[in-house]
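Listed below are the structures to be examined.
Heads up, the next two complexes both have subunit A, just with different partners, subunit B and then subunit C.
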Partner chain A sequence: MSLLEIRGLTVAYPGKHGDVLAVDGVDFSIGKGEFVGLAGESGCGKTTMAMAIPNLLPRNARITAGSVVFDGADLTTMDEDGLRTVRWNEISVVFQGALNALNPVHTVGSQILEPIRVHDRGTSEAEARSRMEELLEAVGIPAGRAGDFPHQFSGGMRQRVMIAMALACRPQLVIADEPITALDVMTQAQILDLLRSLCDRYGLSMLLISHDLSVLAQTCDRVAVMYAGRIVETGPAGRVFGSDEHHGGARHPYTQRLLRAYPNIRRERVFIEGIPGYPPDLTQPQSGCRFRARCDLAIDKCAEEPTLVDVGGDHRAACWRLDQAVTS
Partner chain B sequence: MPPLLRRILVLLVSLFAIVTFNFFLFHVIPGDPIRLIARTQKLAPDQVEKLRQSFGLDGSLIEQYFRYLSNLLHGDLGYSFSLKEPVSDVIGRALLNTLILLTVSTIIVVVVGIMIGVFAGSRHGKKADSATVVTSLIFWSLPTFWVGMLLVFTFGVWIGGLPISGITTPNAVYHSGIDYVMDVARHLILPTITLAIVDIAFFIIITRTSLVDVMGEDYMLTARGKGLTRRTMVWKHGFRNALLPVLTASVLYISALVAGAIQVEVVFSWPGMGLLTYNSVLARDYPVLEACFLVTAIVVLAANFGADLVYRRLDPRVAVNT
Partner chain C sequence: MTGGPAEPVLSVEGLEVHYRVRVPGQRGKVTARAVDGVDLVVHAGETLALVGESGSGKTSIANAVMRLIEPAAGRIVFDGIDLVPLRGRALRKMRPHFQMIFQDPFESLDPRRTVLDTVMEPLVINGIGESADDRRKLALVALARAGLTPPERMGARFTHQLSGGQRQRVAIAAAMILEPALVVADEPVSMLDVSLRAGILTVMADMRDRLGVAYLFITHDLSLAWMFADRIAVVYLGRVVEEGTSADLIDSPAHPYTRALVSVIPVPETSRDAQRTVLSGETPNPSAIPSGCRFHTRCPLYRELGEPARCREVDPMLAEVHSVVGGHRAACHFIDQQGVS
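This part shows the complex of A and B:
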């Protein structure tokens, strides 16, 4: 049994011309101790899906269908009191745009202490403090800086504080939403290594979101690729990214395009190939494969809804042209 | 230089500028007050000269200025010719009465304004919020003078029961200190309501708007994600940040508060700085008027300074950067 089981999740935002389905019938799961990556162009619904898990969606969002079963309980039907005990205690988040995710008027130490005091009532003041200092040290910040305010830290340091904070209550799942996007390349690599090692050390599960596949390729056990509110391909990172020699790599034309679209974080690629066309407008009703308008391989059949098909070894893709896509 | 020392230095320089400006305002612009008195009272030339001396208006302007500074340092503000009393005594009493009125109403305005402002701001977009905003806007647009007259009419003529004039009941005999305080408190009610009603509306709007902005910040999502209760979220994370713009706006509002106090004092015959200023204008009592201007300017300056100190304590970013 997985730690997290998302089934048929659909999240709608009200739009000018009817609902925008930012997440449209998604199935997704994360196992205990698993490090899962979620990729896709910006606006495809990654943040919406992630925030739907601990039910931290914006006020105008509605979960219209599906379930989010975490540790045996469905979070979509849980009341606010119940959710409060799950949030941070079981599922913590390193938020997108994390440079402002720390409160400017409180010291970083007190912000890390806060969830410990709220969720671990039995912890003594001294214990809580020593745990906070230990966490700071674990992310590479001297414990002596606990009394400093967020503006006294660089972007990378603030992100480290966020990570320390996310681990404060020893959650089972950490959701990291584009945790490195705002940072420079050197810092990005450090933060990724840090996330990976901390998760291994504490035995946490992690959902790492990025629009950059190369980031996920190095860190994740498993990845999922999202396009226009749906998951179009998912599988073990080694298979999807083709680092396992015998398994061909990405099967969905969109994933293949994405892989060519980004430079590798370590070996800078010379040619960066964009994906022709625009991401689909989610406000318009969609049918069939949503990528077909931008896809070189599209045929008439693509107007029908493709489903995720197993291509071997828990690697699945939703495409009618899987036979063609292999060689393209 | 330590920031606090620099700020105090700036304060002293501003103070000096105000004193100087005030001096020249009264000694250059309104012509010769002595001639005015002489004309109305038909005085002989030697008497005029003596009068001129007693008001410190003899000698060159520069001489007068330095004498004025020296007198000021000795707490000598001159002599009121309408009240036949040293100006410092007159000002001392009036200032105390005004401070009582302003302190009581400011506390009420801040506490009530912030409570209601946070109530509305944390319910952004709901009915309770829009109702509060509309009501506040209506109250904010009420002229202070008019509200005062309305209350005077209601409680003086119509219902009765609350004193509408002065700070104590004339010819009252008090059996104890408590009696006296209660009498003053009863006299405070209507002026305070008048002054507070408009200012509370201002505070509600500013607090509410500021909180609504803050609630959309990334760190508020963090607070929610941490599993905090709404109360902790709103007060510990939201309000603490929303307070900063409120404080900035309040500083700008200090002068409006002083203007409001003058109107209220006139309407309710509250013997404070406002009423004193008003009466001195009518009596052309320049020494008193000059002192009133000076004291009012100093009070506003001091309030600004105080607000600035509070701001520095509340916002760690400002505290470190300067």
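This part shows the complex of A and C:
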């Protein structure tokens, strides 16, 4: 039984010539305790999809179709009061650009206490304080630094504070939007290890959003790749990234090309490849496979909408040419 | 790429860059040694990648080489001439031969100028070309080389009308139009989407083959450096701690810092067998560089060996590491002790 079950989710922004469908009929689920990665280039709709879950979309965005069932309740039809109890208590978010999201005039301790005070009303002051200190320690910050201000912390330490805040009300699901993008390689590795260990320790479900497939490959149980508002491929990380013997490797031509855009030090030293062309203009109505204009394998059939089909072991791809798109 | 030994186009000797900075909890300013004794050699037509995390000093090295900031000590010898004492006209005379590509193509280009004007500007400043028409022709060739086609139409656009990838191509065309011997490229693709990176790097590689330009390629991305550069120098806290050919450095890193960096490089495949060494803590502040080996405070090997006094007391110099192709050097007292665990 999934903790989160998204069906046919469509999110529209008003555009000059009608609606822009940033997310266009997406099915997606996250299991209890599962660590799921969501990948795609900028503008593919990954942040919009993630923010649609706790209904934290920008004011001009609308969910025009689909359902987001979390723990048995559809969040798309829930009122603001209901959503307020879900946010923080059930689903929390580590936002992109979080390094600058802390309030500079409050101590980090008081910023972790605030969601506990606001969303966990029954908690006594002493309980809240001890939970705050426990959270700091859990993210690798000595509790003695609770009285420090954000400017006294490095980028990596501030990200740890943001993660502690996200955990403050003991949520079941944490959505982390590009949590390591502005950080150094070694700090990135520290934060990814931390997220993974928190997941295991508290039985959390995690949705990790990243433009970087390599980051997801090494951290996630399962991944989904988005392109132009749709999920084009999803499956266990071991299958999509092809390290499971005999049955591995990306199957969608977009994922395959994206993978060749990264250098891989474990393989032969070859020049990375780009993907010619640009993603489709979503202000125009779309049909068929969104990737076909950039795809070497495109045929007439690709003008029809492909659906995600199982290629084995819960690994699914939406492509008419799966017979051709053999892994390299 | 060039084969065999070539003349160094750039040699940096004992470079130091200091900043006066405020440190929380201390009165007044203290000296941060951002670059603390760096030697580098870039041969003609060669690409040397300078890899480091933030605070390593890699951008300060780049800016010092470009003579955009004043070094506290050291020599920057370009084509046999030390650039450090040069001022005014003498320095300007040298500038056409070493150019720079910046990280952010949204900030490095003037949005009020057309692409053609942007690319022609270095010609105008240096009085190259018989006439405006001449310069125009040269600029159109440069645009085409950078993959901005058709050059006539792209040249008429304003830079603010272009995408990030196109802007970076304009920056490359402008940097290359004087056919410099050296281009310093500071994180030239880190702001671009991954599907666009290959295009930019292909143009840069093409210029390397066609014009024989040498690159000092500044990046935080070790795997990109491995893919693009002939040699890599790893910088930690203002010092080169290891250098070697790209293949050598990634396949058999010798310095504990490089070993840790290589172990955490994300690769687009699930690799459960790989041993990752995640260093704890952060790079110390360059205003308080640790004594002896500056890496000892975070070094796994130092702890493994029972914290030898030598690491705390003696600053290690770069020394030759045994390798097939040579030129592999690392600054560690205990290179031979690697792999004891």
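Here is the rule we go by: the second predicted complex is superposed on the first by the 318 of 328 C-alpha atoms of A that agree within 3 Å, B and C clash if a C-alpha of one lies under 4 Å from a C-alpha of the other, contacts with A are read in each partner's own complex, and residues count from 1 in each chain.
The rule we apply is simple: a contact is a pair of C-beta atoms (placed from the backbone, for glycine too) under 8 Å apart; a residue touches a chain by one contact, two chains touch by 3 or more.
Not measured: the values here are computed from a predicted model.
The superposed arrangement places subunit B and subunit C next to each other on subunit A without a clash. By the document's definition of touching, of the two partners only subunit B reaches A:93; subunit C does not. Using CA centres, the angle subtended at subunit A by subunit B and subunit C is 80 degrees, rounded to a multiple of 10. Of the two partner chains placed around the shared chain by superposition, subunit C is the only one that A:215 touches, whereas subunit B remains out of contact. In the superposed pair of complexes, A:101 makes contact with subunit B only, with no contact to subunit C. Legend: residue contacts after superposition of the two complexes on their common chain; A:118 is shown touching subunit B, with no touch to subunit C. Among subunit B and subunit C, the chain that touches a larger number of residues in subunit A is C.
Of the two partner chains, subunit B and subunit C are each touched by A:152. Looking at the shared chain after the overlay, A:83 reaches subunit B, while subunit C stays out of its contact range.
Once chain A of one complex is fitted onto chain A of the other, the partner contacts of A:19 are absent, as it touches neither subunit B nor subunit C.
Nowhere in the superposition do the C-alpha atoms of subunit B and subunit C come closer than 8 Å.
151-152 are the residues of subunit A that lie in the contact sets of both subunit B and subunit C, per the superposition on chain A. For subunit B in complex with subunit A, the residues that touch the partner chain are 125, 217-219, 221-229, 232, 236-237, 240-241, 314-317, 320.
Against subunit C, in their complex, subunit A makes its touches with residues 41-42, 151-152, 154, 156-157, 184-190, 193, 211-215, 217-218, 237-238, 241-244, 257-259, 261-266, 269-275. In the complex of the two chains, the subunit C residues touching subunit A come out as 24, 53-54, 193-199, 201-202, 205, 220-224, 226-227, 246-247, 250, 260-262, 264-272, 274, 276, 278-280, 282-283.
On the subunit A side of its complex with subunit B, the touching residues are 54, 56, 59, 83-89, 92-93, 95, 97-106, 114-115, 118-119, 149, 151-152, 165.
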